[in-house]
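Each structure below appears as structure tokens.
One chain, subunit A, links the two complexes that follow: it is found with subunit B in the first and with subunit C in the second.
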Partner chain A sequence: MAKLGDAMVRVISPRKGQPTLVKAVISHPMNSGDATDPKTGKKIPAHFVKKVFGDFNGKTIFEADWSISISRNPYLAYYFTPTESGVLKMTWEDNLGGVFTKEANVSV
Partner chain B sequence: MIRGRYRNTYSCTDEERRVVLKTLGVVIGVAAVGTSAALRPLNALGAEQGHPWPEAALDQANVDEAIKLGVGTMSMEEAHVTVGLPPVAENGAVVPVTVACDLNNVDTLHIVVDKNPEPYICRYYVGDSGRAEISTRIKMGETSDVRGIAVTKDGKVYMGKNNVRVVTGGCGA
Partner chain C sequence: MKHTKYTVIGGGTLLAVGLSLVMAVPIVFGQQEADEEPPPYEQSEEGAEKIGAEFNPGDIDVEHGHDLFRAAGANGKSCASCHGDNGEGLIGAAARYPMVVSREEGVRNLELQINQCRTQRMDSEPYEWSAQQFTNLSHMGDYVDSRTDMRNMLLYVKSRSNGIPINIKTDGIAHEYWEKGKRFYWSKRGQRNLSCANCHVMNGGKRLGPVRLSSPRGQAAKFPVYTIATDAVETLQFRYQTCSRDVRAHILDINTEPALNLELYHNSLSNGMPYRAPGFSL
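Moving on to the complex of A and B:
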């Protein structure tokens, strides 16, 4: 069972100067705050990822604003264009102050 | 370990070994936690970097208001943007969606689900990407149009839409 913040980042066939696909998924409940726990009858507090960043060799190349409407264990695919080899670092920030990161090597 | 004159008469008891191993275990554990992804306090703006999170747009229940707040305008041309969806979504809690724009100067991509309780779903800053295409999985409450909106760097707004039939809604409790 994956724990909160466990993430996977895959860079698909990177080529220098070409838009390269990145797939990422993270374990996160993405609780909206509307759902009720059937056992206690209380509302499950909102706990969801708000911001996603992709940094390549220290420069931000991707950013996303997310909401409660993104599915649990959120999946994301996007493109970036590497001009050199390096490290792609993804960061997920949630509404309760949780910050999760995952890195992937990129060789072009 | 005892050295010197007492070496032959005294050796580590089991109790002492247990204490040493436990201490070592705690030290290694603390070091491991310290280096793994740990909670960091956010700065005064609520984010460590990047654009402000569009709280007003995301909370908005009315589609047109949500688009005005999230995208900036209601006037958009229905062109250049495709929205990929499965024909039927068995589980509205997990609907895969792909938004793609074929222009090469796109700044942001937005997803709007008309019939969701909060229609403005998310925003992506793809200005530096080289290809304005994103995929994700969203929650949908019921059968609805899903709109993909692209805003270019010179302020032009384009829209594409698609529809998906949702069998079991994924927004509620």
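Moving on to the complex of A and C:
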């Protein structure tokens, strides 16, 4: 399986002025802090993504607050309307301070 | 007659209800769906390949396989030393596996070949088999172990042959193993008394629960396959174990004789189909 923080971002058939689908997935355990480790008997500490940003050419086009209800290796899809070519950058920030980013080129 | 008006209305209503019932029957039983023909690959991929072509989380593991490919073994050599930094020497290689080189060895599939290269040419430890796909709860953050390495390496080597038709030799020395695999494929097994052919040949394309059974032609081309149900990349040998569980039969040990013969026969059914690792499956 993939390492923590491995991400993939795809922009599906971008067209100028048309709502374009973006799909993104990140490898992350998204531990809620409630589960118990069967080996040690202790609770697995909470480790989940708290905020997700999508920036297009520096401008934030997507923002989300996540919490413990999102499950492991979360997949995300949303639409945005590109008016020019550029770079779409997704950022995931988790509660332990980890920051993961991935970029995708958008050419219209 | 006094009740003419009501009789006509009543008769008309009855006629309308009757007509709509008659018309409803084909709608309820699906003959009026008017769907266009499903695409030719849908039957062999449960309709999920369209999604996988666009976006496949298994692609992340291909890059990990690439890193492993370039990592040096104990004697300083890496896979890339012989086969090229981007696996150029291996383009088309995966399309010939499983193969039979000698009678002493029997069937050799790609996992066995990778381990052979590691032990004989890189003086390194062989990778363990992918017997367990699911990450341990207590090691959620540490996804990587030797089994993961084997899966990622297998995925990388197979992806070098993407687009190249499968071309497995089934004649000559391989023929007797192919015959054994064929016998296995068509033999009923387990408490449920089902053979591979019962489900996939005789009922390929039909649904088993929510999932469409894939036809055997094309199955080999999609392995290792990213499976949504387990959120993991599964190898063909592991999938044989799952199928054995499904018919409640003795679970085949990974990369041992019956499973290897089966892989030889089963993959040869897809001869001519181009590889598309990683596949996408429900």
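Definition applied: the second predicted complex is superposed on the first by the 108 of 108 C-alpha atoms of A that agree within 3 Å, B and C clash if a C-alpha of one lies under 4 Å from a C-alpha of the other, contacts with A are read in each partner's own complex, and residues count from 1 in each chain.
Here, contacts are C-beta pairs under 8 Å (C-beta built on N, C-alpha and C of every residue); 3 or more make two chains touch, one makes a residue touch a chain.
Nothing here was measured: the structure is a model prediction, and the numbers come from that model.
Superposition of the two structures on subunit A leaves subunit B and subunit C fitting side by side, clash-free. With both structures placed on the common chain, the touch criterion links A:N31 to subunit C but leaves subunit B unconnected.
Shared-chain residue A:H47: touches subunit C; no touch with subunit B. In the superposition on chain A, A:K39 makes contact with subunit C only, not with subunit B. Once the two complexes are overlaid on the shared chain, A:M8 sits against subunit C while remaining clear of subunit B. The larger set of touched subunit A residues comes from B, when the choice is between subunit B and subunit C.
Nowhere in the superposition do the C-alpha atoms of subunit B and subunit C come closer than 8 Å. In the superposition on chain A, the residues of subunit A contacting both subunit B and subunit C are 35, 72, 75. Residues 1-4, 6-8, 10, 12, 23, 25, 27, 29, 31, 35, 37-40, 44, 47, 72-73, 75 of subunit A are the ones touching subunit C in the complex. Only residues 37-42, 47-51, 53-54, 58, 93-96, 98, 113, 116, 118, 120-126, 128-131, 133-139, 170-173 of subunit B touch subunit A when the two sit together in their complex. For subunit A in complex with subunit B, the touching residues are 5, 18-20, 32, 34-36, 50-51, 53, 60-72, 74-81, 93, 97-101.
Against subunit A, in their complex, subunit C makes its touches with residues 54-55, 57, 59-61, 63-64, 135, 137-138, 140-141, 143-144, 148, 231-233.
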